[in-house]
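Next, two complexes with subunit A in common: one pairs it with subunit B, the other with subunit C.
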Partner chain A sequence: MKTLIVISHPDIENSNTQQFLLQGAKHQNVDTLHLDNYSFNSQANQQSDLEKYDRIIFQFPLYWYSAPYSLKKWIDEVFTRGFVYGSESKLIGKEFGIVVSTGMPEKNFAVGGGDGYSIDQIMTPYYALARRAGMQILPTLKVFQFYNMSEREHMNLLVDYQRYITQKYPDTLENKIEWFINQFDEQVDEFDNSEPVKNLLEDLGIELDTLKLTVEDIKNGGDSNE
Partner chain B sequence: MGETLMNNFEWVKEQLQSSEDSQSSYLSKSFVVSLENLFDDIEERKQQYEYEIDGKLWDHGSW
Partner chain C sequence: MKTLIVISHPDIENSNTQQFLLQGAKHQNVDTLHLDNYSFNSQANQQSDLEKYDRIIFQFPLYWYSAPYSLKKWIDEVFTRGFVYGSESKLIGKEFGIVVSTGMPEKNFAVGGGDGYSIDQIMTPYYALARRAGMQILPTLKVFQFYNMSEREHMNLLVDYQRYITQKYPDTLENKIEWFINQFDEQVDEFDNSEPVKNLLEDLGIELDTLKLTVEDIKNGGDSNE
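Moving on to the complex of A and B:
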């Protein structure tokens, strides 16, 4: 699977959140496109580049309940008639995700919260765009108050982010196990002598599959004692 | 976690903590933290399946 992360941030060098996420992305086989440092050469080139990817992610901080202007500009220039509508969309079937960060607490975006709307409600225009383009919409990865997180929360965020950009969708336990097993192979230099743990993970995955099939068999009228 | 699982997991953590490269060890430690959560999730799912197979839910007509 090939992933492109389209990043909109006017001051990315001074963004702790974005620099943190970029470090996570660096160790995954993904491409990043930082719109604010990007010279738009041609619409055709940009569109043909997008067609190469299986998963396209918009990544940005929440600025006044939307993305920074560079993303809006890029969308207006690239998502045109003939590319995503007017004829069959060139992005049909591709996966669309959002990674959005905010300095506000999560409770502000809950029912009855101070901001009045949930993050998903605020992201609706992007979901509508992806839907119009025939893309499969992934759940949005939300990052609330990065600076307030504990070290353990940062560590969990790092791996959750890596999984978000490269793990097979949906985020089932089975797909999660497969992703971790693949990470052992890809980070072989980091995990010397971790073969026993990788093998155990594979065995546990098989055990879960077997148990799941047994449960399904019971539900379908089979007898578990046969 | 079962004893074998714990032994393997502790062993991996020890290997990773010995890493001298600060950047790679942070990524590796993050991986280990998430791996620990994964083992907890797996154990919880196993128990759920085993409970269902044992028939306790069926006996109480909870389906």
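Moving on to the complex of A and C:
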């Protein structure tokens, strides 16, 4: 599976959140496309580039309840009617995700809260676009108040983000475990001492030793869900 | 009351809908600001300009479920936190409206329809912004398939649009009548023979003669609702 992360941020070098996420993406096999200060050769090239990917993720900070304008500029230019519309859509069946960060707390995004609408309500235009293109929509990954997170929360976010960009969906226990196995294979030395992995396993309610046994089972052709 | 219409359209000269609406705005006492090919002197100037108005309307065609990117670019640049945020907002109490046109039919914008979401759901980011700024949100004026409308529908749209940009809200019978009286005063010669006025009165279920009597009543200090 090949993932493209389309990033809209006018000042990405000074964004702690974006730099943190980019760091997380580094060891995963994904491509990134930073839209600001970026000019593409031709609409056709850009379109055929997109066709190569199985998962396309829009990643941005929330600026007045949508992405910074560079994302819409790119959409207006690249997403021609012929490219994404109806049964001719070149994006049919691909997965679509959003990674959105905001300095506001989660509780604001509710009826009666400071912002009054949920993140999902605010993201509607992107969901409608993905739906029109025949893409499969993944649950949006929301990052609230990155600057306020504990070290542990940051580490959990890192794993959640890495899973978001490369794990098979839906986000079932089985797919989570499969993802960990892949990570295990690739980073066997770091696995035992990885704080984020431990945290995530704790959240999943799985002991590391159990996971190792499960991994053995799966490798031997067993079913981890039994 | 002073209205500003902020228009986002990359090819406004060739848009029948926008040219038609601009024609309708011409005889109303409103200002327009076309964002494409437009560069403003300074953020501060632009902000103090906005403060002069009582009603601010975003007008645009639906491009992939939001305005063309020029509107977001302008919002990102002009709507600074200090300008629109919280109790310090300079826009508190002002009215906010949207005039959005689309080539798709109305039936598409529903669960199970071609676009799957209502126009109101799609407009959420703008409503959230207006809400955050403490503005009062008017019901969005939606223009579906302008090219497909009959002459009569065009004329009704013209009056609806003119009312939208200058009539007092909420859109009660009383406020409608008051608006007609103002138009009557200003365009007394055209009033009797105006097709759009006749159409609208018919839709309101009011005879022109009745309206004239009502106008007389109101002018003499009577109450049109009794």
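By definition in this document, the second predicted complex is superposed on the first by the 183 of 226 C-alpha atoms of A that agree within 3 Å, B and C clash if a C-alpha of one lies under 4 Å from a C-alpha of the other, contacts with A are read in each partner's own complex, and residues count from 1 in each chain.
The working rule: a contact is a pair of C-beta atoms (placed from the backbone, for glycine too) under 8 Å apart; a residue touches a chain by one contact, two chains touch by 3 or more.
What you see is a predicted model, and the numbers here were worked out from it, not measured in a lab.
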Contacts of A:180 with subunit B and subunit C, given as first, second, both or neither: first
So, does A:27 touch the first partner subunit B, the second partner subunit C, both, or neither? first
Is A:158 touching the first partner subunit B, the second partner subunit C, both, or neither of them? first
First (subunit B), second (subunit C), both or neither touched by A:125: second
With both structures fitted on chain A, tell me whether subunit B or subunit C touches more of subunit A's residues. B
Touching A:72 in the superposition: subunit B (first), subunit C (second), both, neither? second
A:92 contacts which: subunit B (first), subunit C (second), both, neither? neither
Going by the contact rule at the top, pick out the subunit B residues touching subunit A in the complex. 4-5, 8-9, 11-12, 15-16, 19, 23-24, 26-31, 33-35, 37-38, 41-42, 45-46, 49-50, 52-53, 55, 58, 63
Touch list for subunit C against partner subunit A, complex: 10, 63-69, 72-73, 75-76, 79, 115-117, 121-122, 124-129, 131-132
Touching residues (chain side subunit A, partner subunit B) in the complex: 23-24, 27, 152, 154-156, 158-160, 173, 176-177, 180, 183, 187, 190-194, 196-197, 200-201, 204, 207-208, 211-212, 214-215, 218-219, 224
